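Paired with chain B in one complex and with chain C in the other, chain A is shared by the two complexes that follow.
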Partner chain A sequence: MAPHKPSSPLQALVLAAPALALLLFFFLVPALLLGRVSLYEGGGQSGFGIGGSFYKPGTWSLHAYRDLLTDGYFRSILAFTLKFCVAEALVTVAIAYPMAFLISRMPGKWKLAAVAVVTLPKLANVLVVIYGLKLLMGTTGMVNQFLQAFGLSAAPVDLLHNLTGTMVAETYLILPYAVLILIVTLDRIDPSLAQAARGLGAGPWRTFWRVTFPLSMPGVALVFFLSLIFAFGAFVSPHLMGSPEELTIAVDVQKQTFENLNWPRGAAEAVIMLATLIVIALVWQALTLASKRARRET
Partner chain B sequence: MAFMELRDVVCRYGRHVVLNEVSLAVEAGAFCCLLGPSGCGKTTLLRLVGGYIQPEFGTISLDGQNVTGWPPEKRGIGMVFQNYALFPHLSARENVGFGLEARGVPAAERRRRVEEMLDRIRLAPGERGRKPRELSGGQQQRVALARALVIEPKLLLLDEPLANLDRHLRERMRDELRELQRRTGVTTILVTHDQEEALSLATQIAVMLNGRILQVGAPRELYERPRIPAIARLLGDANVLRVAEARDGSLFLECGLTLGSDGLACPPGAEILFRPERVLVGPAASAHPHQARGILNGLSFMGADQIFDIGLAQGGSLKVRAAPDVLPSARIGDEVSVAVDAANAWVIPEPDPDWVATSPEEEAHGAA
Partner chain C sequence: MSAGPVSSWMILARATAAALLALVLAPLVYAVWISFSPGELLEPPTGAWSLRWYRQFFENPQWTAALRNSFEIAVLAVAGALVAGTGAALAVTRYHFRGREVFNLAIMLPLFVPAVVLGMALLPFMRALGLWGSTFSIAVAHSLWSLPVVFLVTRSALEGVDSDLERAARGLGAGPIRTFLRVTLPLIAPALGAGAVMAFVLSLNESVMALFLGTPNTETLPKVIWPNLRYTLSPLVAAASGVSMAVTVAGLLGISRLTLWKRR
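Take a look at the complex of A and B:
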């Protein structure tokens, strides 16, 4: 542990000031502005742009929120977004875990190379990555050629502009973080524990489920919640790889704001998104605290 | 064939030879200590026996079966790791029960055997539900031992099990370990770099240096009759002195000391060992026919005994362990008499081979 120096609250405040100022300026202020916009009446003649019917200035109204809550359209978007992000989190954990497990067991040189390959997509622009995927997954793309060449499918399979495409793209965007977190988690487990289990008569399978996996749970939980949060705010992958069926809130915010020019509604949706994310973060916090307390008590 | 036998085992990490044609036989019920400095390959040897690494050449047999290449879970060997490797997410009880669970022992019998074993290592019932990190170092060590013993292993492997304990606890655990091994009768191999631990626990010591086993024998035999000087030094403080001349029934050592050579066949150039506690000093030496004079260069009083560092005329120095009442008023710089009985000296049969004298960095490079 690092040596602990007692500091006064004032000292702490001074030290944290730059970070706090940044947070205040770039998060809290815009969030408050967003909140204000969501409380205007829609359909005004102010603002800028062609036609300029963003909101009625000087009004206070819960119109936008009432509309959202009574609107089946929005509820279906919210439901899809929630289902989508939970599915995304599960898929990400399911794919990232075996990858991380294999990589963490590679010898040094190979491991470095594997980590580089995993992080490579993050060095490229998101759009480049997505358009790359489009090339791969199109009806004449490599994936379909492969499927047909091996007789796995007679006709080209539709992989784009549907749920499959959206999920693949979103997973592709989240996966590097997930794999890296899990590699670190698995690497930090003392290798002598698995050896001890083997020595006591447990085969590789039992050793994994009784020792390695339980000890990696904190990392798995972190990856799950991180993926949940990423996927909840998914915009690029449903926008470019999905169809109107795969409409997440983030996509609809953009649509309401820039296509329908209904700023209060777009803002209200964004506020609801933010609130949901805060709830997810609080649940995560509560779970972490509870598991810490449980560890201390037992 | 011995109960556990290694034959011509070779093990390499890259180009570094960790084990160089090692052979070792351990009889059933024996307590064998692998003694050597860090990096000599002793832990690698232990892991090889446990099945955690596989040899490049050579065979390992256990209880009449050739187990070379078998995975650890097939060997039925209990191992206590240096850091204990207790499962942090399981209680002491669950840790001990792990091996029985893996063997498919029914729950009722499992519970009985676990509690029995925990009684044996004297872990209080209130502490059995605790996680490893809530136990003291000594308790963790005992739980690790219980976990290895409860599966009734053919062989018990201990990797420096006492190294992480403070001195007081280490001595107590040493006694407990000896007692437990004696009562269970389990064949045991212990790795250590502490000669006191090896001498006090083992029925058989195998001395290792630079990936080879140099000598195997009973503790007393190794202590008194080492094959090469390096072994003498590894097993405790040693005065290793070179013979200059053998003449007129006396041996003249290079350091200036003289011994009656009766019974010591010894060519010039050979090396002679005598342990510090065998050197006479003060009045006892003055009465000796072959006494020599030396200057007291160092003196440390340890309570039960005292260590003198005595410089001799020709430049050599002697380490002497004496009873606390010998020369009670001696001061550094005093002239004292020293003498050695030829009966207490051991002519070392072989000089150190070249490969013994590698640099410590190179030694440390191997598996610790």
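Take a look at the complex of A and C:
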């Protein structure tokens, strides 16, 4: 890259200043304040926060955390969120991989168009995706009409406000990242390796499972972990496509904050979310380091 | 390997790919299609198409105010993300400094923090500053959100700029600012344009932080859509979907123009 890089710390600092200000003042400080708010005593119950009583200023207490840890309600939310994000990550990989594989084998122009199609739902308004899904998946929607027309079901199937609806919607929201990462992964694999396997007599299936798939494993692992992280923070799809059964922590943060007006509890839940994400990231880091070391030793 | 089975495999593969891509697009296309429905019911228009829901949308002060707020916030968010992202990309690609790697990673962090956590963190902070419910508070949150995107796009453009050109300009006596404005900026302009459009679209379509930080005075389009999705599926949401998709697709076409221009 750039062969000469001036080391003028002052100029670099000036250039980086706006980003630093944004990150420190509107990211780090609020994150620290989040921790502080979680340690206030709840001041809720006093009339929709009119007196500004979302919490009791000046107090220090572990109330919010103690409530959360002893509360069966929160434990069931946490358990559901964890199960949900693992299931969602598996589903996403299972759908994204064949899609990325097919797209990566498309001829140039078609491939570009396919990538644009895959990216669109990510850039589009999430709520438009949800709205479309609600129309299509309603009891009189196209999906049910299709199921009945082909005799797959006699009566309309409930697809909304349950786990199915939530999973479908969340998959739509995460899929673009997954497919794009896997396309890049598959494109980077040297095509001559698969050709060599074919030349040595392996069939297409065997070539795929013995050569292409193992080489794409790092991308698959990355997609799995990213999907896990995104689905762990799922808010829009469980909120709009789920029932009270599909309550994730993110949905409960919003409920505690805006319905129960108990900011310390909402903040404590957000802190627990952050801590869990950090644990997931550390596990990911440890696994990548271990696999690198293993590869170097062989 | 014989030609017969391979080509039928190819046809099957292409058909599967087409079906999957159609499924990806289905909800977006259906929502926009239904927005042209002439009737009271949410049925896709088959014969006559109508703009009645769009007329109602643009005659309704709540929806038009939301659209205006969304645009205002998006413009501010783009300005913030562009200044911060470009500056950071220049610092990282053109200078050596301590903590460069950490800085590189820290900028990406907002991508991985759930929107709800960011919203929940910014809420008490903005309230303490007396900024809860201001256009500014939502715009800052959106700037933070699109900072990684603008940074990545600009950084890769800057890495593609031949540094000999910059050195030549400096050698001929141009100062660093003049070199940037006359040499570097024109070369990375398409990337900046693409980053700006992405930031604009991301802000316009962001709903979670707008939900946390917005008040009835600063409702964005997604915030007004939100309750309508929970309880009733009003056709006005379809019109709102059409409007937001129109802006999004126009932006994407703009980006593809910009990147093709770069290639030429």
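The rule is short, and it goes like this: the second predicted complex is superposed on the first by the 267 of 298 C-alpha atoms of A that agree within 3 Å, B and C clash if a C-alpha of one lies under 4 Å from a C-alpha of the other, contacts with A are read in each partner's own complex, and residues count from 1 in each chain.
One rule holds in what follows: a contact is a pair of C-beta atoms (placed from the backbone, for glycine too) under 8 Å apart; a residue touches a chain by one contact, two chains touch by 3 or more.
As the structure is a computational prediction, the values presented were derived from the model and not from experiment.
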Note to self: Quick check for you: in the superposed arrangement, does A:Leu215 touch first (chain B), second (chain C), both or neither?
What the structure shows: first
Item checked: Touched partner set for A:Leu135, first chain B, second chain C, both or neither -> second
Note to self: For A:Leu163, using the defined touch cut-off, is the partner it touches chain B, chain C, both, or neither? Pick first, second, both or neither.
What the structure shows: neither
Margin query: Quick check for you: in the superposed arrangement, does A:Leu15 touch first (chain B), second (chain C), both or neither?
Written below: second
Item checked: Which superposed partner A:Ala196 touches (first chain B, second chain C, both, neither) -> first
Notebook entry, point to check: After superposition on the shared chain, which partner residues are touched by A:Thr257: those of chain B (first), chain C (second), both, or neither?
Noted result: second
Next item on the list: Could you look at A:Val93 and tell me whether it touches chain B, chain C, both or neither (first, second, both, neither)?
Entry: neither
Notebook entry, point to check: Which partner reaches more residues of chain A, chain B or chain C?
Noted result: C
Notebook entry, point to check: Just chain B (first), just chain C (second), both, or neither: which does A:Ala31 touch?
Noted result: second
Margin query: With both complexes overlaid on chain A, does A:Leu82 touch chain B (first), chain C (second), both or neither?
Written below: neither
Margin query: Quick check on my understanding: which residues of chain A belong to both its chain B contact set and its chain C contact set?
Written below: 198
Next item on the list: Could you please specify the touching residues of chain B with respect to chain A in the complex?
Entry: 50-52, 71-73, 75-79, 81, 83, 85-89, 91, 98-99, 102-103, 129-131, 147-148, 151
Checklist line | Sites on chain C touched by chain A in the complex | finding: 1, 9, 13-14, 16-17, 20-21, 24-32, 34, 42, 80, 83-85, 87-88, 90-98, 103, 106-107, 109-110, 112-118, 120-125, 128, 140-141, 143-144, 147, 151, 159, 163, 167, 176, 198, 201-202, 204-205, 207-208, 211-212, 221-222, 225-226, 229-230, 233, 237-238, 241, 244-245, 248-249, 251-252, 256
Margin query: Going by the contact rule set out above, which residues of chain A touch chain C in the complex?
Written below: 1-9, 11-23, 26-27, 29-31, 33-34, 37, 54, 95, 98-99, 102-103, 105-106, 114, 116-121, 123-136, 142, 172, 175, 198, 204, 229-230, 232-233, 235-236, 239-240, 250, 253-254, 257, 263, 266-267, 270, 273-274, 277, 281
Margin query: Per the contact definition, I'd like the list of chain A residues that touch chain B in the complex.
Written below: 190, 192-193, 195-203, 206, 210-211, 214-215, 295, 298
